[in-house]
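In structure tokens below, several structures.
What follows is chain A paired twice: with chain B in the first complex and chain C in the second.
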Partner chain A sequence: MNRTTLLQIGHVARRSVLRTARQPAQIVPALIFPMFLLAVNSSGLQRATSLPHFPTHSFLTFALAIPFMQGALFSVMNAGTDLARDVETGFLNRLALTPLSSASLLTGLLGGALVLGIVQAVVYLTVGVAAGASFAAGFPGVLVIVALSMLLAIGFGCIGLFVALRTGSGEAVQSMFPVFFVFLFLSSMNLPRNLIQTDWFREVATYNPVSYLIEAIRSLLIKGWDGEALALGFGIAGVIAVVAMVAASTSMRTRLVRT
Partner chain B sequence: MTQPEGIEVEGLVREFRKGPRAVDGIDLEVAPGEIYGFLGPNGAGKSTTVLVLTTLLPPTSGTARVAGYDVVRQGPDVRARIGAALQEAALDPFLTGADHMRLQTAMHGLPKADRIARSRELLARVGLTEAADRKVGGYSGGMKRRLDLALALVHRPKILFLDEPTTGLDVQSRTALWDDVARLARDDGVTVFLTTQYLEEADALADRVGIIDHGRLVAEGTPADLKAQIGQPTVEAIPGDARDLDRLAVVLERFGERAGAAPRGASVRLRGGESDLAEVVRALDAEGIAVEHLQLHAPSLDDVFLTKTGRSLEGAGAEHDEEAEGEQAEDNRAQSETTVAV
Partner chain C sequence: MNAHAASGVSYGGFRSAALGVAWRSVHNFLTNPTLFLPALVFPLFFFTAFAGGLSSVSRVPGFNFPTGYTAFQFVFVVLQSSAFGGVFTGFGIARDFETGFGRRFLLIARHRSAIVVGYVMAALVRACVTLTILTAVALIAGMNIDGNGVDLFGLYGLGLTVNLAAVLWSAGVALRVRSIQGGPLMQIPVFLILFMAPVYVPLGLLTGWIHAVATVNPTTALLEAGRGFIAGRPTSVVLAFAVGAGLALLFTAWARGGLRRAESAG
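Moving on, here comes the complex of A and B:
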């Protein structure tokens, strides 16, 4: 990778971060909404911790894994909506007339999503610590959570980019939000899978990949180092990232038309 | 003969599925340093031609060489030598003017010192130095267009494509942009390919004009030559008494074919040229028709368009509006259908 390519990637990423930072309507919900739900859930559902076999006495610690998934959903929205707007306004044509390659553009856009993913993770962890959540895996566990958040930001960001590139429509990107929320609610978000009493719900949560992403983060908060949970979490996040990245880069080459 | 800083187009066709030929066999040449005005109503095929010439849309058939390079086989070479401000300034409302310059100079790989100097120079050139740190969302239409022009010039292109650069601008902003474009061609020797639907823009700016209608080039030449081809001036008269309008029109028709006129008046293209004017005045006087207003018009590019297509440019614009929407949709679809090596 030569200096010009690095320069281009850096500037595309910088633009992504700048435009998001200058749109409070994009950044505030991504930080406030998950924290609000965390506060509501951890106070309202604290009594669930008295269920037999519930893994912790703190619902706050149990629920702290959820904002990371919600943050990933905002990565879809932010990255996808911004790129769709570039398609709609012709900004992508402006970039197509420069020597910027589609790979550099995609990498730059993901760089922006990554920075925002890290900011979100740091905010969620800081709020969690301040509210009294425990971290069974200690500081190294925190670093692993941040790493998984970055992988999620890349994977889910690529899904947003893919939809934006295929449709060229911000509305189409935003219409994915409820779909992702269904996945989130049909996961082990609010209860460990072994404690879900309704058979179909437990079955769906077991097949739902989101459950394993949450459980990977949760394991670091509650248990310490659980190799199986981490392998599943990172494995699924990695597969999502690879598949979404291939789809997004294929669509980018198609959309960034030039001879 | 390939012109290193010019444009050569032969038999260019761009066809869309389920649609008409947006560009239907265009041949044209633009000499280095020339301002070429591509004039036509909405939907005539101007923007499609620009997309093809700027390598953003492959042609269905025909050839086009820009700056000496084939637009299909040598896209990167073409792009390295052209700048383009496409229809509707494509800017990010959340970035400042300076942010845009920083991004554009980086995309073109300018060294850091050059990036800063070039950005300052171009912002000053288009009069945006003071607004450089303001977000583009707060810019006026004219400021956006000027920034768009500055961005197109970042890498010192030899050829500049401007797609309807003044559409929607007020007269003052339009004139300022004309000055910028004229200076570019005059001082820097940049070849300019300018599409427009404004007659006065083509007349004021272009060294040569190509008139396009339904994807075909219907006339080409200098504005003076094209008008000279039409040759005949028009005379327009408004009667002092509105009840005399029909009689006035009958008198005028003795001197030539009717032409478009104000609602209260009549107009004819003078068969005998300007020398008929005195006869017209005498004939009106002989019929006892008092005239409130009498004016001789030199032939305009609209007259040229009317002669070549049978319609006025304004009327054709309204007729083409639906086609233009279809063409834009096809452009978008084509851009999403075509997979190319990047």
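Moving on, here comes the complex of A and C:
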């Protein structure tokens, strides 16, 4: 990567980060909403820890993995909505007239989502510690969680960019939220898969990749170092990131050709 | 000549204004998939996720609801979808005032409270449509009902009371803010009050701060009465309907205040 490319990425990333930082409407819900659900669910479902084979006595520790996935959903919304606005206002057309490469543009656009992803991870972990959650993998595990959060922010941010580039509409990006919410709810979010009693739900949760993303984070909180869970979590997050990035860059080329 | 006729206010005018507003709102709801589908899909989705994904919770020691976890969650989803039917109608009011349509309503209606009554009627129709489909899906999914017809009527009555309170609350906000940007203000308090109740397990099994909050949360009385209805063991019925009626009365005053604000804003 040469100096010019790095400079281009830096400019776009700076704009993306500042843009996110200047919009409390993007940051506040991404921090507050998952924490509210964590508070309500961890208290409301604490009794579920008395089920035979439940892996921990603290539902808070069990549920602390969920906000990271909700944060990833906000990455879709934030990255996608910002780019869709650029398409709608014609800013992307103006960028297309500059020597900026599409790869630099895409990488830079992820800056805001990535920074927000890190802020979210730190806030969720801090709140978790303050509320009494335990971290079986210790501080190194916390760093791994932050790394996975960053990978998720990149992957899901790319999905947002892809939708924005394909549709050029902020409304279309926003309408993706319920779709991802369905994936989240039909996962092992609230109970371990082996404790889900309803057969079809357990099947859906088993085929749902979100279950493995949650279980990777959860393994670091509850079990310690579980190679299989981590490999599955990072593997799936990596595949999502690569596929979404390829899709976004293909759409970016199409969009710029149209321009 | 009665008092209303003497004061120049006719019941016919009031009724036709209310029906006109209601018809427009219901027509928009039923013919616009972007309004109809979320209102229908979200309750079904919550019902599926909670009743399907959390059914093991019914095996928690002390959980005693013989009708089954599906029925236990069905009651919550009935109240939730009724409340959100009211809130989504509030979104419609805000949109009407944002686009200027609400002002036209204010100009043509002789009795302006008929506008709010029209939106309330529309919200009740929306709730009836959603509850019918939700019940059909729950029955197909094999939900048990131990209550009789009267009990079920009581459950739906509770749902409609919640719908009434929610639409009046949202109307009060929408008429004050007169912009769809007021959406979170309508939605978030309803979301908070609903989820700070015994959603997943009965009140007796909650611990810590959520137990303290749920104990004083009016939604708890509504949920417990609803679950009593579906189990065929009506409990706290008077309290639940008193809470529902109290909320509806309180928010009637709130919506009237909103209407006055919209009138003064012109």
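By our rule, the second predicted complex is superposed on the first by the 257 of 259 C-alpha atoms of A that agree within 3 Å, B and C clash if a C-alpha of one lies under 4 Å from a C-alpha of the other, contacts with A are read in each partner's own complex, and residues count from 1 in each chain.
Keep this in mind: a contact is a pair of C-beta atoms (placed from the backbone, for glycine too) under 8 Å apart; a residue touches a chain by one contact, two chains touch by 3 or more.
If you're wondering where the values come from, they're calculated on a predicted model, not measured in any experiment.
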{"item": "More chain A residues in contact [chain B versus chain C]", "value": "B"}
{"item": "Which of chain B and chain C A:A205 touches, first, second, both or neither", "value": "second"}
{"item": "Partner chain(s) touched by A:I196 [first = chain B, second = chain C, both, neither]", "value": "second"}
{"item": "Touched partner set for A:L256, first chain B, second chain C, both or neither", "value": "first"}
{"item": "Contacts of A:S101 with chain B and chain C, given as first, second, both or neither", "value": "first"}
{"item": "Chain B versus chain C as contact partner of A:P178, first or second or both or neither", "value": "second"}
{"item": "Touching partner for A:H57 - first (chain B), second (chain C), both, neither", "value": "neither"}
{"item": "Touching partner for A:Q46 - first (chain B), second (chain C), both, neither", "value": "second"}
{"item": "Which superposed partner A:L186 touches (first chain B, second chain C, both, neither)", "value": "second"}
{"item": "Complex contacts: residues of chain C adjacent to chain A", "value": "38, 41-42, 45-46, 48-49, 51-57, 59-63, 192, 195-196, 198-201, 205-211"}
{"item": "Chain B partner contacts - residues on chain A that touch it in the complex", "value": "4, 7-8, 10-12, 14-15, 18-19, 22-23, 86, 89-91, 93-102, 166, 168, 253-259"}
{"item": "Footprint of chain A on chain B - complex, ascending", "value": "54-58, 71-73, 75-76, 79-80, 82, 84, 86-88, 90-92, 94-95, 99, 102-104, 106-109, 135, 151, 332, 334-340, 342"}
{"item": "Chain A - residues contacting chain C, complex", "value": "36-37, 39-41, 43-48, 50-51, 178, 181-182, 185-186, 189-191, 195-198, 200-201, 205"}
